[in-house]
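Let me begin by presenting the structure, written as structure tokens, before commenting on it.
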């Protein structure tokens, strides 16, 4: 069964990711009182991009960077348990997942740098600064979870929350959960924090020279990253779900919640984003960590 | 017996190279490589030996100086000889055309030999002798280029003299107390020592070794010395020479004072190792974020040497099996990565006629592909990306910090990693990515003799990442030799009770992911390559040399963190220097130079004595 | 309510004899003056509250063989728009630049140089402004045959007159 | 989505993709750009047709030339058209690109857009309403279906003709990079 989950997890992730893209455009459209594209619009976009007659590349580093980005995302998906399916999470705990989440941004940064365009370099430097911004509260929250469960393994952290609804991370470590929820848009790169791929300011940042299959791979990777971040949040704070069904329901709920924030918020300036992330979520996560330390003795 | 052979070949080899240089440069180069190679191979044979041989007895102190081999010595010796060999091979081509090369190769081999001496020394006096030989030979090589390098060398010399004096004080007091300076006998004698005395010895040695390993308050010499020294030597300097401090700490904390003594030291929370952990935590954060704001490539890498030293000290100071294993393993991993990055920066400097300013370079990946690949492996080694050895050693350190329940230390280490990512990507981006400037259009790849060490080191980073069992087995032997409970790691995974880490599975996952990506990539149409000028510039044509974003790359972060990261410690030292110069200037005025003032001083002194005599009676 | 304009008109007439001042309507004041004393008039008006130079325009009097430069000034307190006109020769049109008085006049002078060919001494940036690598004569002059230029440049087929 | 449509999609997914996801380069070439914001926002919502504005030509496959084209803008339009990946369509928007419109005798605007870059569709009217744009988009669908929207192929084959026209109007224009120059 576990070997099968190594195959099922990526496919599940791809489908959920593409569904999320379609859903996000539909819900944002409905919030803006317009019809919006059909739900399968991302499928059309990806098919169009893949079957384009001409793809423009900027050299081997450009290609390798894009491939590393998608490969890294697919690899991370294997380490996040979904309901019953554990995938490879027996051979890589939470620390491995955090460090594996460095691979896709590194791949995108390489590709963006190789595309020799200042817009892309500005996008990458904004991406790294934003990452520094949301890592402070994110790490504090994750440390709170690990200290509370006295383990660094993602499986154990999820199992310990399965006993009852009250055992969820949300109720045991409310402040850390809130802090992580506040920075979810930053980790995904959605509206309040989408200064990285800002079409108006820096011509869609790192994606400025991505066309055809490169843009398709980049959008698949960002969708997968969206799924990974929310799946991690559900595993850590919402008790991970007994089977895949409940897990995906929780992921959908969290996604719609983040989407509602995304649809109505304007974009942060870079230093506003940095100060916001270090101030409110950072404070909450710090207090949550102290509570976790004290309550765990 | 083999130890004496190794040390003698190393020292005599250095001399032979110097005189061979008088004959002909080619002979000297070949001989230098030969000496480094033989020393490396001979140390490899030492695996598993445990022997102690006395080589000299000092008459009036009736104390015998001895050399000994144990797994700890072997581990560090392998690192020393490996990195020394790589830098020697690299400097064959790099130093071509520079003057005083005989002296340079002699000093390089002398530094390597003295480091070997430290590692193999069986007693504290010979350790101190080799320590001094290493210090001043390092000074010789740092100030090799003269000018600013001489000033950096002087600064280094002053701080390492302070460190050596502290160490000498500890050794003399140990000798006075226990009549012996042999490390093994000392460790048995030290059990009966009082806590205060043990703390004093530990403090003195910590200062001595801390200066060398650039722990936070004593770190200011390192950025100047490493950025002014010649690249191959700053590779050795950052790679392994600075880690002699870690070796010394290990020797004193676990060789002389056994862990039982260490627990006795502290009163509850305020034990020595806990304070050392916090000093290490600060050493991780502040230098790494200072590196973020540097514009000189070598200075950026040098600041990381200070920062990453914190991980090693934190691992060792923590005392659990995982912590020490992580600390020692990180010494090796970071040593390889920083040597690789310094060689890469040296190669770029060599090809772009001495250009180190990150704002002037760009786009060199197209012209120097192999150096770019080596730089990529190097920065993955710095960050600890999952398929590199640094990841395993950092994982071990985080694991102990979290399981033992020290989240804030773990947070400091994790945020240090993010500081490394930002600054190290800036290094890679400003040198290798972006637009290639006009004046570097004809830059060629470095010759093979410079590529070989870079290839070997990149391979080593990836090998220790995928199969961490190889070094971890040697580290397990070190822990058992130091009397600690060793870490039994299999070839590529951690035992279940330690934690869930299986590097081959991670490699398989990443490889599978990249295979899927490559398949998707291959199914679509072949892509057309465009030159770097054909890039989006809002409808206009990309201006030739002005279309690169690299100057103040992290300007937004600069405003927020600059006040916290300004180097106040360095400013304090310079303030002290200023004030003391004024003071000594005042005292100097006593020597007026004409005779009668001296006569006056003598009379006054005699008068003072007479008064004292009367008063006493 | 005309007295503000009246006062202004008398003030100008007092100081500048050869400037004829007319008040076509409320809030509008037209002064035509010789090119020698134009700068002094501009300085006088600027001191007198007309601190805003909104535009410099040029009219091509082909019949009289002259180009007319019109300086549009606006006074915020008096709410008067003063149009100071002067005539310069059409064959070799050159005039003094008023950048010392109004720094932003540089762009207006640049446009008039490009469209009418009037050289302004003292303006260092008389370089092409709106047109792209323009080779022909200044296009806004009356003697510039538009139709012929368009037919020859874009070789458009004959359009019914 | 009856059976025939699904078979059509599976037969040529490329065309299906190109039709229902036309990404427009958000490049304001002339006065017509003021019509684009209402088209893409709530009232007329071009996203139902899969038409979204994108920031760079690399990501786009539809280029809307809105309003008169001055000589300076023509240089930028040709440059942007070069940078778009291959299946690309150009739609002239408004009467000025068709025959010069009210600027028919101006010395600074071009009169016939299709002498300089291949145009696949025209929308007449001096600033046509957003509904006209949707009609143009649906027409473009049928053209794509019947393989008639091949302006980019024409541009490659008859490049000397286009280049000669362009050089006559913009003498300093560098060479087209898409013609196989690696």
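Chains: A, B, C and D, in written order; residue numbering restarts at 1 for each.
In this section, a residue touches a chain if its C-beta (ideal position, glycine included) is under 8 Å from a C-beta of that chain, and two chains touch if they have at least 3 such contacts.
These figures come from a predicted structure and were not determined experimentally.
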item: Pair with more cross-chain C-beta pairs in contact, given C-D and A-B; value: A-B
item: Chain ID, smallest distance between chain and overall C-alpha centroids; value: A
item: Centroid distance [mean C-alpha coordinates] between chain D and chain C, Å; value: 41
item: Chain A and chain C, separation of their C-alpha mean positions in angstrom; value: 61
item: Centre-to-centre distance between chain B and chain A (centres being mean Cα positions), rounded to whole Å; value: 36
item: Centre-to-centre distance between chain C and chain B (centres being mean Cα positions), rounded to whole Å; value: 73
item: Of all residues in chain B, the ones touching two or more other chains; value: 528-530, 536, 538
item: Chain D: positions in contact with at least two other chains; value: 56, 58, 75, 83
item: Set of all touching chain pairs, with the criterion as stated earlier; value: A-B, A-D, B-D, C-D
item: Complex contact set, residues of chain B against chain A; value: 363, 365-366, 369, 372, 376, 380, 383-386, 391, 394-395, 398-399, 402-403, 405, 407-408, 410-411, 414-415, 418-419, 421-422, 425-426, 428-429, 432-436, 493, 499-502, 505-506, 509-518, 520-521, 523-530, 532, 535-536, 538, 547-550, 553-554, 556-557, 559-560
item: Chain B contact footprint on chain D (complex, rising order); value: 27, 56-58, 75-77, 79-80, 82-83, 174, 177, 182
item: Complex contact set, residues of chain A against chain B; value: 10, 50-61, 63, 66-75, 78-79, 88-93, 95-96, 98-100, 102-103, 106, 109-110, 113-119, 121-122, 124-126, 128-129, 131-132, 135-136, 139-140, 143-144, 146-147, 150-153, 155, 203, 208-209, 212-214, 217, 270-271, 274-275, 278, 289, 292-293, 296
item: Chain D-facing residues of chain C, complex; value: 130-133, 136, 139, 144, 146-147, 149-150, 153-156, 159
item: Complex interface listing, chain A residues touching chain D; value: 25, 29, 32-37, 41, 44-45, 47-56, 199-200, 203-204, 207-212, 215
